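Same chain, two partners: chain A is paired with chain B first, then with chain C.
And then the complex of A and B:
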């Protein structure tokens, strides 16, 4: 029975870990007090927002904390304390019994070394394999992580692989020496949605294949919900709650966890009433702050009492290994963040005359070039970014534009705003033609359309206080004078959940979420009729993202502004949009009212997107439509359907030879699908699949 | 690759043509008359005219330019006015001497610079790093004629360890008396060494912080392997271009250093030809320096692209 004994001892046991980095800017308390365990054959998800210390915990387990660091507590791996072993011992663990997968595969591979040798190197270091054996083993590893043509892949350089292939290569590297523990730091973040889905599938598949403990560090609740057996939720360097995945999601015992879960937009396939996203006010407790003898969540917690600021809550066991670091864990329920509200969908008129229409928009980058300037064969062709896009935005409504990188959605936005000049097509605002560039447009037209960027720093001048960003549009577009403008600016800041005191701060002193809210307030100040938001919430943590999304909705209800809301995240687009436009490789795949687009019949690409997004619900049944390959490059020209290269429902030659027709969906006249498969048939196929899904459930149940 | 070479080489040819034209025009307007230089003070007008005719100086400038270029393309650089022998013969020996000096300096400077740079980058902020960094700053800010004279004063005049002048007896090569190479080479090395070292250090520091070096460390590789297989190949790539850029720099330095130490190289020849109004020689030497510069740049680009898989030449 010795085996059971060894099985009971945790593979990795972290006790009261604290990590402080000493930087020129001051001490950063990345991890304050973390205790957790992982067993073999178990997936522990560590979730939290940026700055909570989750990645630091991962690197500490590898004994990798560069710079001046102070470490407290212990990290025990198979009985060895990692904080206390020699560099040689550590080297024997790294890459051997502990493997790691990183967030950004592109920068994590050596750019001047072929991918194969980068894996062989690990094998040669930790095993006695010969060069030849290592090469064969590498090919096997590549094969096992789903890289087709493993020998050929091994001879490539990293830049010759797609992001998904690079990440598979790194996973193969981590698996090379059959690790006992696999640490994955945001393994799917930064990949395209459809690639993310295939990598997540691979990780889940590994779980059953390798006899290792897995630590899955991520900010994405959907990823843990699908992948983890147990979850540790981190906040401000603490594990605030820990337990089995279903318990954590269904019955959270810490207000922060409950809040995080209700911040995430419902799964895209969700039917029925929509809930208003709850949000966690304020921003994440900064790692620069001292650890206080109090609950560090108190300033944002709706349940906080005097006790919470007087002493730190202990970790209590709520039964079944479900731990919570809250005094009032018994009182936590899903309504602590205000009762569930369904979104009051004010009757919006689906047939209202549009405020903005785009017809036949084309945008090509570059100009044709000939070999000898004036004559000779054409050597440089313009590359397509946007091809034949039609859209309409109705007053007071939101058009969501969704697509992966390379879909042309940003080019579309820039054309509408006039930052770049369209190649051809018409754009009309209130029925009047809009010139190609901002400079060609009348003053009124210019102020009517404003843009919000993904990165708020690009729209805020770092040298000028926040008040400048807000007062300038107020003076310019609303004709307000000094004190008046300042008063209005303060009111705007309050409307976006900031303090009037923030007016005199420099943008650099604010967090990313606060900056984005300032950028939004500045946009609102311009009293635009149409706001084009390009990935405006993508860089934000979920709690802050929810604040911004609600803010956008609220502003729309009050001011009747229309939005074009661009995102790669279908869940977010679904939450804010009335109409949705799905783009792929510069083409419109499908467009129409939100519910018509999201329900069958959908374009096969929309269907794949819907199935790719992991739902933040451990009971959600994953649908398995996966797209092989990558989004075509801009240079690629299409003779038939733009999606034919990856379409799982391709019907035959016609897809390769003839561009698909626009066909109307059955429910709404404005619902358009570009596909050769008749809408009726698409609907049937898709309903069949979801029924098939039901069967799977009953089998596995 | 072939297309790249063809393009680059034709580009070099065009550049050299332009340079040759510029050289020709400049020497055209150079003050002083060759014929009176050759014949001295007491020359009669008819003598002068005869010499001019003999040298072909009475022909119009475009014709002279064309025949010069045409001959040069066939490897005939004409005769020196002053020494009255084929320039090719003069230049050959001198070019060899210069290459020996430059090569010696290069071999001294580049490996040392890279070693120091890598070491300083890895041991960033240590005492050694700081000493090296400050020393290199000083070296960069001193021009060659200052370092040259300083070195000469210290090692030749005061310590008497090395000869102060690097003159060669006719018929010998610098390799017969290698000690004369040391001071000029050291002088030439200074700036190059400091510059390459600083760049190497900066690159090493940057690469050490990259994610792929983190990956390499977390593979459990020994630090030596991390540095040799992952840090250096990436950090030294940009160093190649720096070194190549410095070849041009060195050519300039060579002219000064050779004159400071009276070393019989191409740089000294350039100055002598200017002083002697030896126009064909001057033209030939200038053209040669330009050609060396262009070719070394091409070699640098080639080696960079061979070592960097992300660059495909076309």
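And then the complex of A and C:
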């Protein structure tokens, strides 16, 4: 393991780095003052909200900055200052001794070139390998990043690979010339949790195998906790705290870090109380603002005093290489962001009559196609996106829906709200049938079901002011017009923590978090009985995510609205839900009350999802269930169990030949698991796995 | 739930208001785009050229030293001089005066024709694109059919059957341009249609017309502006071609296309007769094209108002 030895010269040393971009819209101070070091065989995690300058630091280390940039400070790589070396020398560094992996694998690979030759190209550029040798080396590289059948993979085009495979290919490319430093910019952000877990395993494995320093840039604290040895927390272009990963997570010495950590819903199944998520108010200090002699975090900080706005805090060493840029570092603890509040989870009636019921819902995309249009064998079958889904949402409660991408979650949501027409099945709202499309539904039914979308930027019309988004539903659903509607809209804005003055702004002038709050206010405007939130917080930063989640919970308590909350993030779903529905390949894998679903016995798929989610806790023992591959696209009905192809607990032929029965869980009658393994046996197997690790699950069970 | 009875706005009135609001927004958007275009070199040349022609179109007849139809029989085919700045034609008419008074007809006809084409094309393209499915397929194939006729041929066909007068020329240009505009606006609609705010509007139960004109149209202004300026320059060319072929304004009117056509016989002896109207058409078309290019480039500039000074 890495012990920081003082006599060891650091591999990469950044000192007082500042990066300013000059754009027609004015100067953008992406990085203001950053000093950090990376040793060989060490993983440095850089975290922070978006807009804090994380990626720019990464690009500066590669010398990848446009000509209109002013760079200050020094970047020394193996003793050489790369801020003022020639373009030729820089080119030798890139791809050769410094490798980089970018966020989006689909755009980082050339779509018209096979994957193998793309890696060979890098090798032939930087080494003297012959064509044949390069091909062999590429196969070795692919094998080393866990791509099965490396030669076959090399002959594929990028679009023929899954997201995880593409990311592995990119990592192989970055490793091609045995780099001394590997910079990974959000390497797992676009991937599913299950894939993310396997890529993280690979990164950890690389750390031990290659003799290189790794910089892991991410906004995901769980990823950093799993992957990094040391962490640098960035805010508004500054490193505000830096230190060993355990110290940072257990004993943060900067209020920002403490805030970030308390924003994350705990993804593991800690039993008992529901604590209210704390959140950091406001948004990141804009990069367009001048650097001033003050703490830039002061405006959002609960501990700020007059001193904080009068002068910039110095960097203090809290011992053992733990640096903090705060005057009051000694007073920081996890309670600076309000006391650990726990809400009495309101007594909700688990047997209440459901407000929405879905029975036997099917949704197929496309129609069967025959070889000769009107006759001949069937060559194209419809995609079975949702198959036989039953669910019920109780009044004032939340149904969480989880699953990887491609599980049919969004299709389910769109069928419920009526954006697409279901193939078959019944949807009933308060006992009355709902038509397949919104256009077929009565006006009262339309206003009763509302939807929040994933992307706040595109869910508000960029050309129309905020008032339009709020007043239109008021007019449509409540017949309010003119000043009356405006007054009501202003009140709605205030309810979500915005000012009435925001009414006349265009959505583009608001931050992502503010936009999502406007979208929420617009959904609340209709006095809906049921709100369908499709990945409503996935595109947001953790601090904003917490704000939005709390807002949703608060609204539920006040108005008694029900939610269908769709997310790929089990931690978030656990935080908001009363009931959980786990979907896989369009089928329901498991459903029931939250605690029954998250506690053994669970469906093997739920178990895999639970163990894949990285916890923001460096001491969390990573449970080793990994799902290879991705959710299949289904054009034919399964003969056996829908999950058989990837199931880590597959018992034998029965899984391939017989559809799994619906079993009742032991704790609650509404808990249903679709699996061949008897519930008792599942429970035993799962407890066995988690044995050895101190987990409340096993104690409470 | 209880307020189903409250909304009482009569549909036709609200539809009219919607269209009026959309037009207003469109006008504001267009003016803003023009202003932005002056920040690019192409726009800085194009806008004055177009403005000059616009001024001539409005005030030209007042500025002309002679009547455009006035014969100076002693000064036939005289070369440019202080008396006749651009010379005279076979009947001794002052070319400069004819040029100034001819601007109005061509610019009016071209602008009206282009506007008609854009209005029709926008309506057809956006409706078809928003509706999608089989309707879209049928409508677009009809548009493709119309587009397969060469523009001039179609124009000749319409004008010879309906007879040549300014209204019919406007109509012709409109019909010729409709499928081309429709195609562009359809694709713009398709890309906006998938965005979530459109689905949001559907969930609110908004009628299709409201979604198309109030929600989608403002988001296609960048495309629409460029398309409009390109169409305008083609309309000028088409209108002057029709004039040249004798299907435009009839003699003795001073139409630029007609002037070029009449000058053919004297090309070797008095080239200035052809040169002046040709140059006028050319500068107008170039000006409009440069302006279009400027607008297109300006769309990639950051959207900032005054604070460039920092």
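Heads up, the rule we're going with is that the second predicted complex is superposed on the first by the 674 of 701 C-alpha atoms of A that agree within 3 Å, B and C clash if a C-alpha of one lies under 4 Å from a C-alpha of the other, contacts with A are read in each partner's own complex, and residues count from 1 in each chain.
Just so we're on the same page, contacts are C-beta pairs under 8 Å (C-beta built on N, C-alpha and C of every residue); 3 or more make two chains touch, one makes a residue touch a chain.
Everything quoted here is computed from the prediction, not taken from an experiment.
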Original post:
Which partner does A:104 contact after superposing on A: first (chain B), second (chain C), both, neither?
Top reply: first
**OP:** Would you check which partner chain A:22 touches, where first means chain B only, second means chain C only, and both and neither mean what they say?
**Re:** neither
Original post:
Is A:446 in contact with chain B, with chain C, with both, or with neither (first, second, both, neither)?
Top reply: second
Original post:
Given the touch rule stated above, what does A:112 touch, chain B (first), chain C (second), both, or neither?
Top reply: first
Subject >> Of chain B and chain C, the chain that contacts the larger number of chain A residues >> reply: C
Original post:
Between chain B (first) and chain C (second), which does A:365 come into contact with in this model arrangement: first, second, both, or neither?
Top reply: neither
**OP:** Could you please specify the touching residues of chain A with respect to chain C in the complex?
**Re:** 23-27, 417-419, 438-439, 443-444, 446-448, 450-451, 453-455, 458-464, 469, 472-473, 475-479, 522, 527
Subject >> chain B-touching residues of chain A, taken from the complex the two chains share >> reply: 62, 64, 90-96, 100, 102, 104, 107-114, 121-122, 125-126, 157, 159, 170, 173
Original post:
Along chain C, where are the residues that touch chain A in the complex?
Top reply: 1, 3-4, 6-8, 25, 195-197, 199-206, 214-215, 218-219, 221, 301-302, 304, 307-308, 310
Subject >> List of chain B residues in touch with chain A within their complex >> reply: 210-212, 214-222, 225, 229-230, 233-234, 237, 307-310
